[in-house]
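The same subunit A turns up in both complexes below, where it pairs with subunit B and then with subunit C.
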Partner chain A sequence: MTASDKTRSGFWDRLQRIDRRWVFLVIWLVVMLPLIFPFGIKPKAMPPVSRLFSYIDTMPEEKALAISIDYTPDTQAELHPMTIALLRHAFATGRRVGMLSTQVYGLGLGEEALRQVASEFNEKATTHEDSVINGEDYVFWGWSTPFLTVMLGMGERITNVFPVDYYGVTTESLPITPHIKNFNDIGIVVSIAGSSTPLSWVAYAQTQFGIRIGCGTTAVSAADYYTYLNSGQFTGMLAGMRGAAEYEQLLADKLAAAGSPLSLRRKATEAMSSQTAAHLAIIVFIVIGNIGYFVTRRGKQ
Partner chain B sequence: MKRQLPLLIVLVVGIFAAAAFLIPHPIVRSVDEVFRNDVLRIIAAFSLVLGVGSILRHHFIKIKRKAAHWPFSYITIVALFISAIIGLLGGIDPNRPGILPTQVGGFSFHIQTLFSNIMVPLAATMFALLAFFMASAAYRAFRARNFEATLLLAAAFILMLGAVPLTRIVIPPLPDFAEWILAVPNTAAKRGIGFGVSLGIFATSLKILLGIERGWLGGGGS
Partner chain C sequence: MNIANPLTPEGIWVWVAAILTMAVFSFLYRENPFYRFAEHLFVGIANGYAITFYWHRILVPYLFSPVSQGQKLYLIPIAMIGALYFTRFIPKVSWLVRFPIAIALGYGAGASIPRSVDATIIQQLKATIVTRASFADWQQGVWAVIILLGVICTISYFFFSSERKGLLKPISYVGVVFIMVGFGASFGYTVMARISLFIGRLQFLLGDWLGLIR
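Moving on, here comes the complex of A and B:
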């Protein structure tokens, strides 16, 4: 081995044993900087996202959208924009919404999403028809346990599963209830989850009652769900931050085409710059790590 | 009898629950509905009491024995009671007050306020730390040591690049290729694994129902 080979090998060896805090610093920078200075990239919807969007957009008018908040605050950054985008889509197209949660933590997240989106629409509303009203246009059924009871019971009579809504109001007394009695009145249930709950919706609710199921999931879980997507058990799927950003884009295009005055903040789209930079940084790290690995291995040989 | 009775309950209820899923007869359905809506919920309520009792017992013992990090047990117990009291009596948010006053001047500590300002940032922070550890682990351990590892590395590169919108501008076919990897080879592998796992679950369930597998009774199934 020549002296220059030894020097080169020593450099790569040192680079491989670099303090991991430098890696943390680089990741922090590549996540933070694009949040402050975004690239402004327009996402293009992939088939799983456009299928879900198209179905919700074109399902019969009297059918409601049910959103199951099956995630917890740890995956909120990735999944909450999906809930927001779905609610905006439903309210923008005048659909009734029923929301529930199979996770106790989902209650706070669902309440936050409903409050935010309802106020976005109500701020622009000029008539009662334009407004989004709790109990009339949407209902937050809340949480019940065990999830098996919820998924099967909702196919028979929703008020049996949720006798009172999240706010303690008797569900039978709500004006929306005659329009959403059971799964027959729901066009699709979209389960947004960081766990395998969407599969339980398929196993219990879809198998027994034939209800359509859509899914919103973390990017890391998405690979598990393609089987169900290809078989048609999932009507569509939003996978990770990219899925949410693509849905936001489809909705923005639809609102713009309809000349809607709504100008809504799109958090998933904003975060795509960060995600892009972070992915590229990780790829660069892996490439450097592998070059170092081969150079040092050759040096040792 | 101590062992026979639970086994008998599991056998009868287990077979009935599976059969009710397949038999659409009104009598079977109504009995099943009672089981699901009432019996299961009562059991769930008991498990809640058991869970709270268990966590309190665990932490009181820890405090009594001054075990490692015992002062944190006080925080757990206090947080448990405060959130339970506010959640049960304090209302959801300032617009829906409860019987317990949870607003002092402009400062509100309703359950939604506590959730949004304590629970959400704490949980999100813990999860966000993953990004740093993943990057560090990828840098140190993700090596093309052999053919399989190289395949994995190549697939990871394509999927990571395919997941960002910028790639569609730079390498237009890559996102579609990434989607194809997920939809075709990934699905094929997952289906195989899925069938294996499902058959395993089915066999284990049968063993539990028939009393062959008794580990759940405690005592290692002896």
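Moving on, here comes the complex of A and C:
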């Protein structure tokens, strides 16, 4: 081995033993800077996202959208933008919405999403018809247990599963209830989850009642769920923050085409610059790590 | 820069959340008391929230209130069976916990096995079978064949009843390739997920707390 080979091998060796806190610092900067100085990225919707969007967009008018908040605050960053985007889409197209949660810790997130989106629409509303009103245009059924009973019971009669809504109002007394009695009145249930709950919706609600299921999932679970997309058991799927950004883009295009006065913040889309930069940084790390590994291995030989 | 005002009702909570976030992130440098404090606080609050929720939203309205008014008295024996879970804390009678567990397992298994078999095996098998309809367009047909090959080769890799030689050897080798591609896809998605969570926190710190981004 020549002296220059030894020096080169020593460099790569040191690089492989670098304190991992330097890596954390680089990732911190790489993620933070594009948030402050974003470079414009326009997400292009992939087929799983556009299929879900198209179905909700074109499903029969009398059918409601049901959103199941099956996530907790630990996955809020990835999944909450999906809930917001779905609610905006439903309200913009005049769909009734029923929301429930299979997670106790998800209740607050669902309530916050409904409050935020309803106020976005109500600020621009000029008539009662334009407004989005709790109990008339949407209902937050809340939480019940066990989820197996919830999923099977909703196919029979929703008010039996949720006698009172999240706010403690008797569901039978709500004006929306005659329009959403059971799964027959629901076009699709979209389960937004950081766990395997969408598969439970398929196994219980879809197998028993034939209801369509859509899925919003964390990126970690996405690879496992593609088989259910391929089999048609999922009508569509939003995978991670990127999926949410793609849905936001489709909705923005639709609202722009319709000349809507709504100007809505798109948190997932705003994050795409950082996401892209972080992915590039990690690819560079992996390449450098592999070069270092092979160089040091050759040095040892 | 428009930092959240800690003297307003909303601002104080933004500051609490921001300080706790920084305390958790401090673990990236090294283990420290701030991280420990945030961790223990989280566990305590999460449990306290859940217990309070179950008490006020489940036990009181669905059990104690109706029973105390003489309604739904059939709930009393059901609640007593459920209460047997607590016998775990009394070693002499801890065997009684088997009753509620047996009921829950029996109900769960009976309700889920037939439906899960249909959803996760039968429907998946149907989606794997290549038919004439699979070739409605050439791209769809190619993917259908790849999926079929992938399933056969991957299952072959997990066929342990005979030695891996002859035809089984190359087929299972292809199966390994499919498995590795699957692992790669999962890892890529995992990276994306973890970065997304970090972005979410930074959006909060830079936006809601420091006001650097809108």
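As a convention for this text, the second predicted complex is superposed on the first by the 301 of 301 C-alpha atoms of A that agree within 3 Å, B and C clash if a C-alpha of one lies under 4 Å from a C-alpha of the other, contacts with A are read in each partner's own complex, and residues count from 1 in each chain.
Assume a contact is a pair of C-beta atoms (placed from the backbone, for glycine too) under 8 Å apart; a residue touches a chain by one contact, two chains touch by 3 or more.
Computed from a predicted structure; not experimentally measured.
Undergrad: Please indicate which partner A:91 is in contact with in the superposed arrangement: first for subunit B, second for subunit C, both, or neither.
TA: Touch partners of A:91: none, neither subunit B nor subunit C.
Undergrad: Once chain A of both complexes is superposed, is A:43 in touch with subunit B (first), subunit C (second), both, or neither?
TA: first
Undergrad: Which partner, subunit B or subunit C, touches the larger number of subunit A residues?
TA: B
Undergrad: Of the two partner chains, subunit B (first) and subunit C (second), which one does A:278 touch, if any: first, second, both, or neither?
TA: both
Undergrad: Is A:153 in contact with subunit B, with subunit C, with both, or with neither (first, second, both, neither)?
TA: So A:153 only meets subunit B here.
Undergrad: Figure out whether A:53 sits in contact with subunit B (first) or subunit C (second), or with both, or with neither.
TA: After superposition on chain A, A:53 lies in contact with neither partner.
Undergrad: I'd like to know which partner A:16 touches here: subunit B for first, subunit C for second, both or neither.
TA: The first partner, subunit B, only.
Undergrad: Identify the partner contact of A:121: answer first if only subunit B is touched, second if only subunit C is, both if each is, neither if none is.
TA: Once the two structures are laid over each other on A, A:121 reaches no partner at all.
Undergrad: What is the contact status of A:112 with respect to subunit B (first) and subunit C (second): first, second, both, or neither?
TA: first
Undergrad: Going by the contact rule set out at the top, does A:290 touch subunit B (first), subunit C (second), both, or neither?
TA: After superposition on chain A, A:290 lies in contact with subunit B alone.
Undergrad: Take the contacts of subunit A with subunit B and those with subunit C, and give the residues found in both.
TA: In subunit A, positions 24, 27, 31, 74-77, 105, 145, 148, 152, 208, 219, 222-224, 227, 230, 240, 242, 275, 278-279, 282 sit in both the subunit B and subunit C interfaces.
Undergrad: Help me check something: in the complex, which residues belonging to subunit A touch subunit C?
TA: Touching subunit C: residues 21, 24, 27, 31-32, 35-36, 74-78, 104-105, 142-143, 145, 148, 152, 164, 199, 202-204, 206-208, 218-220, 222-224, 227-228, 230-233, 239-242, 265, 267, 270-271, 274-275, 278-279, 282 of subunit A.
Undergrad: Within the complex, which stretch of subunit A touches subunit B?
TA: 16, 20, 23-24, 26-28, 31, 39, 41-44, 46-47, 72-77, 105, 108-109, 111-112, 144-146, 148-149, 152-153, 156, 160-161, 166-167, 208, 219, 222-224, 226-227, 229-230, 240, 242, 245, 272, 275-276, 278-283, 285-286, 288-290, 293
Undergrad: Can you tell me which positions in subunit B touch subunit A when the two form their complex?
TA: Those residues of subunit B that touch subunit A are 21, 33, 36-37, 40-41, 44, 92-93, 96, 111-112, 115-116, 119-120, 122-124, 126-128, 131-132, 134-136, 138-140, 142-145, 153, 156-157, 160-161, 163-166, 168-169, 175, 179, 182-183, 186-187, 190-191, 194.
Undergrad: State the interface residues of subunit C toward subunit A in the complex, per the touch definition above.
TA: Touch list, subunit C to subunit A: 28-29, 46, 49-50, 53-54, 57-58, 61, 108, 111-112, 115-116, 118-120, 123-124, 126-127, 147, 182, 185-186, 189-193, 195-203, 206, 212-214.
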